[in-house]
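Read the structure below first, then the notes.
Chain IDs A, B, C and D follow the sequence of writing; residue 1 opens each chain.
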Amino acid sequence: MSNDVAVLGVGMHPWGKWGRSFVEYGVIAAQAALADAGVEWNDVEFIVGGETVRNGYGGYVAGSTFARALGWNGSRVATCYAACASGSAAIEAARTRILAGLCDVALVVGADTTPKGFLAPNIGERWDDPDWLRFRLVGATNPTYFGLYARRRMDLYGSTTADFAAVKVKNALHGLHNDNARYRKQVTLEEVEASAVVADPLRLLDICATSDGAAAVVLTSMRFARQRALDPVRIRAVSTVTPRFPNTALDMPDIATDSAVAVSPPAMSFRASIAHAAYEEAGIGPEELSLAEVYDLSTALELDWYEDIGLCEAGGAEQLLRDGATSMGGKVPVNPSGGLACFGEAVPAQAIAQVCEVTWQLRGAAGPRQVEGARVGITVNQGLFGHGSAVLLSK
Amino acid sequence: MSNDVAVLGVGMHPWGKWGRSFVEYGVIAAQAALADAGVEWNDVEFIVGGETVRNGYGGYVAGSTFARALGWNGSRVATCYAACASGSAAIEAARTRILAGLCDVALVVGADTTPKGFLAPNIGERWDDPDWLRFRLVGATNPTYFGLYARRRMDLYGSTTADFAAVKVKNALHGLHNDNARYRKQVTLEEVEASAVVADPLRLLDICATSDGAAAVVLTSMRFARQRALDPVRIRAVSTVTPRFPNTALDMPDIATDSAVAVSPPAMSFRASIAHAAYEEAGIGPEELSLAEVYDLSTALELDWYEDIGLCEAGGAEQLLRDGATSMGGKVPVNPSGGLACFGEAVPAQAIAQVCEVTWQLRGAAGPRQVEGARVGITVNQGLFGHGSAVLLSK
Amino acid sequence: MSQQIMPAIEGWFTIGEEPALVGQRCTKCGTIVFPPVATFCTNPSCSSREFSSVPLSRTGTVWSCTDAHYQPPPPFIPTTDPFEPFAIAAVELEAERLVVLGQVATGFGPGDLKVGSSVELVLEPLEVRDDTQYVVWKWRPTSEASGS
Amino acid sequence: MSQQIMPAIEGWFTIGEEPALVGQRCTKCGTIVFPPVATFCTNPSCSSREFSSVPLSRTGTVWSCTDAHYQPPPPFIPTTDPFEPFAIAAVELEAERLVVLGQVATGFGPGDLKVGSSVELVLEPLEVRDDTQYVVWKWRPTSEASGS
């Protein structure tokens, strides 16, 4: 119990393409989370921002940018960057400060605006920057990597493009009534398979878009939370592990993997180690999960996650999907929010949005997309350059 | 005692203009700190990088960049940005994780390379970015702000340019035998006053340069440290406070201050509140200080810090300086390392380098620049956009 | 050849006979914000998003001043070639209780100002582009000050 | 008109008769690193900074493959106008026990490859600049594969 913190408030700015500033989205999400928690901004002792690297200097110092927009209140501040895992890194900064006994009330905010089309590196020649070189020498975009993972599943495990499409169909259905989602429209298998191929075998509707959006959570000590809520949702563990050498799976944005010629690969892949570290820290296993929010950058990647969070053995994800185990009403609904399929990624906000969704589910307040009897939920994602994250929550 | 962590190891890469990658500097500093601590890289459970925003994607994810260069070891990772306070923000992330009981051994690394001339904003038009607009509309560089602060001291407190020059002379003398300093050369009052005016009343030798450099610290739980060191140097408090509204002192890079028309200014200025929060957290006052490392972006700014860390009342700094109280052998030597005057700023490394210096001093291991009987030391700095930091250390 | 005159940045100041900076006043708590780009009130105890537009005082007193002896990097736009040093002042507006930075009017140096001396707002050209002259606010010493 | 041939990036591969990627081998623990830009050994249990340069296997087996149906953004350099899709493969080198990404040779698509199929390294033009043709490594299907 001593390693728990409470999620006292959650809030979001709806995902979309709004054309306004990330600061505005972030403040609106923050105010929603504060109102949900019943906490005043002036009572916040620590504010953490998930950094956005595409919005000028204000994005580099997101924590202080939000603090200023809310009105300087003298709180302590931090800004965390960890690519797609930035949101959980920010949550972890807040959680550890509370667990250290240095504050009772922390606010975590992530917000982003996104460019059109592919995520591309900043301009300029940078011959020592792997994220630049992969575009220059190979023409490898983010979907390239998603395509590689998808094709590997097909050749190793017999996945079909219909399986991938079925993930999209499921998530579209899940997100249908989620007011914070950008896409709220049923999608059919036929529509997925009629969409243009982007990176064989993946089509446009297999790959998540990029969106404007924001999410925020108010984390507090359990002592503080118990004065305000009978049974607050708790964060039981956060994982922010890096890979172990040699990492022999090709990770975005690398051109090559580590070599296993001198040292044998670790027993567990990097992606599997992400959730594992959270389970271990909390003493909770995957068999206790009621639901999961996983980072479905592509439909096929969602299937990889089933295995990596321990829902099944390697190669078992397709069967789980086909059996409906990960659909609403199944044993462990995955992405009840609709996932990235319905949101589109807003980098520093997305991992926080996952925690918002699990919190609503564990409160029993998810409305039409409520997972019945939800008691334990996990969020996972992976970012560039060895950033994995998982947040394990329970009632 | 329960809020203390140990600084078990410190290490630096010498400051200079070396023309190599920030990653190389950082790893060399990290290896030095690990060796100093007697800890293997594989024993590190948490690595935190101070972010550099001018070195491509690798700089945005500095923590994982260093982890990878040292060899993926599965540790948890974070990357912190807080402008000039980034190094202390990284230290704070490591300290809180240890205090939370989530790890025993953490490595904090900051490294940078720097451009020629003034620090300038990234290219492109950004009409909503205050750091861009101050250059466009006013032509206000960083030295502009240093000049404003210096001129205000002169008009309010009767400081002279000779006082400012005397700070440079003192710090040059302090850093004369510091192998990690970039400038190790005595400087005379005449030399300062013969150097070109940059921003009236400040001259070239009043203003710190920008450098390549790196610094690292190994922080551990007290329990872990006591198994290895009889009397380890301890971090007693870290401050990462933001301003309180209305902040009526013009801070870089703003074009205007808050208005005090609706709410009266707080009793304490932002800069004074930085150290104050650290004193309060540790229950230690400025009268206990043996030495201080302050962020002397300009000579005049060092005088501001004397007052803001509580060495004297407002307007008293010049007398303290003239009396030799802040020189080696005085009551509270300030910048025994030589300060930024001898180093030149390496943004995410500088605050960590300050902690390295205080650690060496408290160990009695500072050699020719040892402050006799040093028992308590503080580091302070201030970064753009409301980032202040202070680290309070003792034996 | 007639040139159109436009502010170098839209909405920050007016360019009529009596040019003035333009601030936002929170309709709830009265806090004034400059530059007028706030979406939310900057007072942490006020979460209003409603502002009215208000002209700021055209005169103020020097909070401090300095100058620039080296040409700033882009996006600074040099107005002379070769570069000539220019002065910069941070000016306190009494009624609004805030400080605004700006260049000092051409012909005046930091020696013409000291903390507490009086200045008034004037407009000077920043750049000419597409037959339009873009102007920016500057602070001109009044009362005891004289051209250098 | 004779064109000089140069690698698109220096030191990553040789361009002779039998072109090969170039790795670094740690002289202490034997770990191989590609791209050959490491300053420190990537093995966390080894802090060596000494490497010897070694050519990597010119053949390997497909770890996975895909293609690009939309033109990637800069710094990608398009070689055809209009853009034509190209295939990309991640290839496992058995001796070195690592995977290297690269485009698939012109004329082959993802349908010509599957996980485990054999490929060999070839060079193809990336761009021509200043009378120099810059080449880049690509993976060409061998054995059972055929042009599409």
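As a working rule, a residue touches a chain if its C-beta (ideal position, glycine included) is under 8 Å from a C-beta of that chain, and two chains touch if they have at least 3 such contacts.
The structure presented is a predicted model; accordingly, all values stated were derived computationally and were not measured.
Looking at which of A-D and A-C shares more C-beta pairs in contact, the answer is the pair A-D.
Per-chain Cα centroids separate chain A from chain B by 34 Å. Centroids of chain B and chain D (each the mean of its C-alpha atoms) stand 44 Å apart. In chain D, the residues that touch at least two other chains are 42-45. In chain A, 21, 68, 71-73, 121, 123, 128, 132, 245-246, 258 are the positions where the chain touches two or more neighbouring chains simultaneously.
Taken as a contact graph, the chains fit none of the simple arrangements: neither line, ring, star nor complete graph. Here the chains touching each other pair up as A-B, A-C, A-D, B-C, B-D. The part of chain D that touches chain B in the complex is made up of residues 38-47. Here chain C touches chain B in the complex through residues 8-9, 23, 26, 29-35, 37, 42-45, 63-70, 72-77, 86-88, 90, 95-103, 109-110, 114-116, 126, 136, going by the rule given at the top. Per the touch definition, chain B reaches chain C in the complex via residues 117-118, 120-121, 123, 125, 127-128, 132-141, 143-144, 147-152, 155-156, 196-202, 245-246, 248, 250, 254-263.
Of all residues in chain B, only 21, 23-24, 27, 31, 41-42, 68-73 touch chain D in the complex they form. On the side of chain A, the complex with chain B involves touching residues 2-3, 21, 47, 51, 53, 56-58, 60-61, 63-65, 67-68, 71-83, 89, 92-93, 95-97, 99-102, 121-123, 126, 128-132, 239-247, 253, 258, 266, 273, 277, 281, 384-387.
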